Amino acid sequence: MTDWTKQKQERARRLEAAAPFVSGKVVEPGNVTALLKSVICSEDRVCLEGDNQKQADFLAECLTQVDPADVHDLHIVQSGLVLSEHLDLFRLGIARKLDFSYSGPQSAAIARALDQGKIELGAIHTYIELFARYFVDLTPNVSLIAAVSADRNGNLYTGPNTEDTPTIVEATAYKNGIVIAQVNKIVDEVPRTDIPGDQVDFVVEAPRPFYVEPLFTRDPGAVTETQILMAMIALKGIYAEYRPRRLNHGIGFATAAIELLLPTYGEQLGLRGEVATHWALNPHPTLIPAIESGWVQQIHCFGSEVGMDRYMSARPDVYFIGHDGTLRSNRLLCQNAGLYACDMFIGSTLQIDLAGNSSTVTPDRIAGFGGAPNMGSDAHGRRHISDAWLKAGREAAGSDGPLVRGRKLVVQMVETFGEGMKPAFVEELDSIALARKLGMPLAPVMIFGDDVTHIVTEEGIANLLLCRDADEVEQAIRGVAGYTPVGLARDRAKVEELRARGVIRRPEDLGIDLLQADRNLLAARSVRDLVTWSDGLYAPPSKFRNW
Amino acid sequence: MEKFTIQAQAKEPLGGERSEAVTGVVASGNLEILFERNKDSLVVTVEVMTASHGYKPVWDAVIRDFVERVSPGGMHISIHDNGARPDTVLLRLMQGARLMEAQS
Amino acid sequence: MIPKNVMSEPSWYESSARARIEGLLDSGSFEEILPPQSRVMSPHLALFDLPPAFDDGMIVGRGQIDGCPVAVAAQEGQFMGGTFAEVSGAKLVGLLRGVAHSAGTRQGVGAVLLLLDTGGVRLQEANAGEMAVSETIRAIIDVRRAGVPVIALIGGRAGAFGGGGLVTACCSHVVISEQGRISVSGPEVIETNKGVEEFDSRDRALVWRVTGGRSRVLLGGADSYVKGDVGSFRKAAAQARNSTPSFSLETLEREQERLTERLKLYGSCHDTPEIWRIAGLPEPEGIADMTEDDFMSLLAKEGLHHDAR
Amino acid sequence: MMPDELISALFPQGHTISPGAENTFSGQARVAGKTVEVLGIADSTPLGPETALVLAGRVLEIVRLRSGAPIVFLIDTASQRMTRRDEMLGLNEYLAHLAKSITLAGVSGHRTVSVLYGTAAAGAFIATALSTQTMVAVDGAHPSVMDLPSIARVTKLPLDVLTEKAKETPVFAPGVAPLAATGAVSEVWKISDRQCAERLAALLAEGGQDDADHRDVLGASRGGRKMAADVARRVEAAFTHDATVSEAR
């Protein structure tokens, strides 16, 4: 007779083993390592909640302290691998296999660990993909998560940084897994229930609040004239042309410059209310001036941002705010919104090849994907229309008709030279060499060329929708690649022809004078200005202050 | 430091009255450009001193484009470069030319 | 549309030294001495394979504010950190000597404006830079003794550190903005030498509480506080020009008293909010985050109480 | 600890120098039959607000007496004290106050001479020894702006490269010889020569010279600062003759 309750029995066994270390659902911090040892078995799939923003850092630290003789060969399944403790798990042999999305600060360490064979890599996913696999074949046995507060019944308040938590808990709790939460404080009553207590097995009050990285704060003081020029080109050549109302912005300085130009240059172009009204976007501080100037109707957020909480609570008409008065973010839902409900993604990258493929991988760094591939891809399942979507689709098809579907605008903004004079345009992506070296069958590509609709550089816009073959794509890209080797090798006659057809548009073709690009155009030139715009509600982290 | 001089022939002399102008500063990733006027000449002379070695072909290309766009005949241009990217170089050159074109 | 309380005018902090002079003086009145085309540059940077600047990062000359003649010296904070060095220092010293020697003559000026923006001595020419600071201090005193006010304007990216901090405190009047910083050892230097527990240089709120414009003007290290736009600096410079300076035994005796009193009152404090609490300021913790207008009305209410520098 | 050996070598005719607060010492001495004021700092003490006030206070007292007596400063400090608290209290003002007080004494008829017998660096060097009219270095003197390892860190150059470069130019290297070359140190004495008292008397007798700061000229003649004096002179000349220049425009 088949036993259909093996998972349930195993869960019961583990909870039994945990009993000596807990009091009800509450664990003392000193008991956490012992608890982890009792509920985690070797080869388990473990999600140690960490994304590009919040971190269950106390639990991570505790997990590195279990004896690898007791617990080893874990399979880590989580969106962000960004703490040094995450890497320690592999270095110590506690973990072996890895499926993840984003690595950020650990990108160099991951590349080294892969090279040394310390990590057995499953795949680098986009966020939604990894979340999807949580429900198919990467369901966690144990999840270690972070929340702001908990009551003694395990009800969790995840606060503005809700992010991945509901998704992780849903997959774990409903498949007989075990959920342990670190919280900043155990309280009598949580301000709102983001995660119901019956999905949470244990809570521990961590000795310090969980870490949150201010990943989306761009100091307006560091925006350059070149980035302002690019932002002007994008506003006039893309926003004004296609009028995308629903969109997502990447986190680079060029898109921050766009945000800061909306109330000034955007206003001059008469675009308020016409574009960029509805967003799937993290709480970018640089969007404050546009919000305050009445550009923005609604924003849904993947996560929160350090210092923005009070501002968002005071703007509930714009943000998604719980009845308790604080932001509710949700990475899965916001990613989905970015994939299906947005007409445009515009963001930066590190390298672009001659077919428009882009990657942030360098020979010694694997930064992962995060959300850009979903934001920056055409959703073939999309059926609802918008003017921007239809216009892009018609340009791509070169025709109109009842069977010509639309296209998402996927815009890549790059300065032709990056840091240290590294050309952004290359004959071959570094990620291909890396894939060869590590034996990966598919090179990590952030956005595939066939999804890219426009490339914006300081030299102008290349509209790939209007290119009719691979050769035209190549010359259109070379034509905006500036003084990089790729740009210098352009076919000048072909580039002029593409320019005559409007495939390539230079600043002067758009009526933009190079010398207009001035920092005085920015609606805020410093983080201090953003605070003033927010009426003192935005409280930036100390590292962004110069007052 | 790498030093070289690039010369070009412009179609017309640069207008304006100013005898000299400076743009930019020698900060990291930036450069300083001194424009001086050599009346009744179509020759453009650019003296470059740069902290980044091996980019002369890129300088040639930037200055060719600058001369095409602006026709800065009679300009003697001296550059102290601290690793500026080509787009910054072009921007500063254009800014300098605009200053020289001022009437007083 | 940018609201009124967000600065939309050219910013002192962001401007180059040349742009600051342009905005400070009457339009077209600036006459530069040893301008870029004279190419008087550092002879030492080549040894370090560093590019020189045509003016060695120091712009000196004369001009006018509201039609009255002034001498001006501006450091370019973005070039080598706006440092004191052989040539840049000598340009400043020469200007000050010229002012002292021409006081009361047809070439005399009503004030010297020092647009300091410096991390201190340029280490590639450390000895020459150190000497330049010392010679500058001596020359400033000669200018002040000749009856000409020397006004320091502080609000650049590099602040006024190292010898720049000493030079600032030798001037007869110090104008500062919120972003301005004055200090001897920089936070990074203290952190490197004494550890992060002594001074966490990445805690920028702390850096500004210790060295920044608001703290300096409240404690008496600066005399005028201005918003960070170039126009406000111009206004403050024009006003300070009319302050009659004195440099005498009595001045320094009063300064001795003032500094002794400060040490007695606040010598055991660890952070500026403790000082503001003792000083009886409202909301000592919130000083840094007040709006500019609120801070300036606080200053007006508290009054600026230092008569000796 | 007071530098007794140095004090006896400088003032064989007797003195009343005694230790004071904050590692300072002060008193009077006889040199060539005349009274001189002596003021010092000992034990490589980092210069903080307290020490600066003690020294400046004493200098101002001396000026107040209007005796015109020369003042001899014996200096063994370090750099300025590096603490957050001192900077918060406005260390720059305290150091500048000391520099101004010493300079005031110099322009008020007091011959000011510093004798550097230990270390002095950075801001503390400026506020003490460099603020006198004349600086003398004796045994043990080690003036500097910043030590080579720190310079290496800031300039991002390897220490050995920097050490090599220091041999080519006196412009950045620490020590008596490079600073003498730039004009900071006027004379270098050896205590064992037994001529210190005599040389001090000779220096003090030079009193009544003009107030002008000639250190840049000295630096030029010694080859340690080849440009400074000339540049300063050109700027000064252009400034004082500016009126004719502007008429010519």
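Going by the order they are written in, the chains are A, B, C and D; count residues from 1 in each one.
The working rule: a residue touches a chain if its C-beta (ideal position, glycine included) is under 8 Å from a C-beta of that chain, and two chains touch if they have at least 3 such contacts.
The model shown is predicted, which means the values in this text are computed figures rather than measured ones.
**Student:** Mind having a look at which chain is the central one, using mean CA positions?
**Tutor:** Going by the distance between chain centres and the overall C-alpha centre, it is C.
**Student:** Roughly how far is chain B from chain C, going centre to centre by Cα mean, in whole Å?
**Tutor:** So the centroids are 33 Å from each other.
**Student:** Counting in whole Å, what is the centre-to-centre distance of chain A and chain C, each centre being its mean C-alpha position?
**Tutor:** So the centroids are 43 Å from each other.
**Student:** So how far apart, in whole Å, are chain A and chain B when each is placed at the average of its C-alpha atoms?
**Tutor:** Chain centroid spacing, chain A to chain B, equals 41 Å.
**Student:** Kindly provide every pair of chains that touch.
**Tutor:** A-B, A-C, B-C, C-D
**Student:** Quick check on the complex: what are the chain A residues that touch chain B?
**Tutor:** So the residues of chain A in touch with chain B come to 225-226, 229, 415-417, 421, 458-459, 482-483, 488, 514-515, 517.
**Student:** What does chain D use to touch chain C in their complex?
**Tutor:** It is residues 49-50, 53, 56-57, 60, 63-64, 79-80, 82-85, 87-97, 99-101, 103-104, 107-108, 122-123, 125-127, 130-131, 145-146, 150-151, 153-155, 157, 165, 168-173, 178-179, 181-184, 211, 213, 215-216, 219, 224-243, 245-246, 249 of chain D that touch chain C.
**Student:** Help me check something: in the complex, which residues belonging to chain C touch chain D?
**Tutor:** 31, 33-34, 40, 43-44, 47-48, 60, 62, 71, 86-87, 89-91, 93-95, 97-99, 101-102, 105-107, 121, 123-135, 137-139, 141-142, 145, 160, 162-163, 165-170, 182-185, 187, 189-190, 192-194, 198-199, 209-211, 215-216, 219-221, 247-249, 252-253, 255-256, 259-260, 262-263, 266-267, 269-272, 275, 309
**Student:** What does chain B use to touch chain A in their complex?
**Tutor:** Of all residues in chain B, those touching chain A are 52, 55, 57-58, 61-62, 83, 85-88, 90-91, 94-95, 98.
**Student:** Under the touch definition given earlier, write down the residues of chain A that touch chain C in their complex.
**Tutor:** 221, 263-264, 267, 289, 292-293, 519-520, 523-526, 528-529, 531-533, 536, 542-547
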